[in-house]
């Protein structure tokens, strides 16, 4: 058997709240989503006024980030024309997002989930997702030592 | 012009929290989702231990309930073989759910969104969704008089 | 964080080989698939002569069994017309299979994956999947005590 | 009538095992999939720790390679913007993969299936798929003379 860790709902809510606070601060109403280690949705919010087209993008940024254990901002570089993964955005039934706003959630070397943000410019989404991901604080018992 | 009312994220969170409390009380870990007046997702949570197959079902129970302004429990009666809407569950790209757990959110005669719950038996889901929908309390300024 | 266990590839192969042996014994060339705790595919084989239409069915029986922590044979009862979950087979983008051949893989009270078989009658598929799931033997260190 | 040859499950397993050995050697946990002459999946494995987003990509690299009797690395050149097949990656319901890691399996001039690998860089995937495809050794009776 493999022994995995995965994000809990309590942790997902804390991450999302941190993202909401940052999104309000920079005036970028956002969709924010968290997936678990299996890539499955744990929680999602759409802030008042955020784009309805961004619901799926936020969820799929989180999925993408866990699906390939990568920041979607970094994946973007490899998914451009002539780059090694050009075309990856149409795989996985269109769920792969190749622009900024998705970040893995790490516990030491393990990836225990991911968070995705969509609502503004790439820079705004990255600012919000960094604040969200930064709010993952694990209890001492969970920390690798 | 049409004047619409729609659920806010703050209200959606209150509704979801009430659903979570009831789900814990009856021991039925659930997915709970709220959509707005446009049928678009506002917020979702998957409680720890809830089925991953229920993520989409909860979201789509909420969608279904707003899409036809109906309780999904009531729609079920009309969607059986020989009934008037048999086959409706394959419309809308498979998003129409025809069993209990989705309820419209009402402001007087207006429907301002809907909530969907999936995680247990039909009876358990209905218990949780009723508790969730019941938590929609509007401020006096919002109430029709 | 949640602490999960999930099937390894070595275990998945052992499960599949046991299913293949039983399928040969009863003369029912089969597709056999194993998913992990997140519902994601770990391994699949199509035996020579098995139906190509069963590739997706076997994979999705395994998915279904993990998605709802249930035997698909049992789900079948609840998914008939007039039953509580009629219509569930069109949810999750058509991935929910409501006939025999999918079984969860258990480690004590945990579900660590699932196996799906498709290739013959419901009875044949059930015979093969039972043999497959029965081959999950965990090392002493993994066993709950 | 057409007389077709197609990969057997025994051969597919040998090919996959060779791919697994190479993937371990170069430290690139991979998804490896084999399809038959009809483009339909014969076998798949996801090595422990391999990306979940690569399950479908490995299967579809194999499909693509047989669908057009081409190395996906070669197809990549023709699928860039301004190139003759730009846009081909969205055909066939998104199953066409246009980066390295898929190779046809040949028996003389016949193509009897294909293998796809996804898990690392394009170079790593190509190294693994070459090792996998190289393990196809046919019995003397199968060899065209």
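Per-chain numbering from 1; labels A, B, C and D assigned in written order.
We adopt the following convention: contacts are C-beta pairs under 8 Å (C-beta built on N, C-alpha and C of every residue); 3 or more make two chains touch, one makes a residue touch a chain.
Model, not experiment: these values are computed from the prediction.
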B-C or A-B, whichever has more C-beta pairs in contact: B-C
Angle (degrees, nearest 5) of the CA superposition of chain A onto chain D: 90
Euclidean distance of C-alpha centroids - chain B vs chain C, Å: 30
Where chain A and chain B are represented by their mean Cα positions, the distance between them in whole Å: 25
Shared-contact residues (touching 2 or more other chains) in chain C: 2, 8, 38-40, 93
Touch-based graph of the chains, sorted into line, ring, star, complete or other: other
Pairwise chain contacts, counting only pairs that touch as defined: A-B, A-C, A-D, B-C, C-D
Complex interface listing, chain D residues touching chain A: 48, 51-54, 56-57, 60, 76, 79-81, 89-90, 94, 97-100, 121-122
Chain D-facing residues of chain A, complex: 2, 38-39, 63-64, 66-69, 81-82, 84-88, 90-94, 96
Contact footprint of chain C on chain D as seen in their complex: 8-9, 12-13, 38, 40-48, 52, 55
Complex interface listing, chain C residues touching chain A: 1-8, 11, 36-40, 93, 107, 112, 138, 142
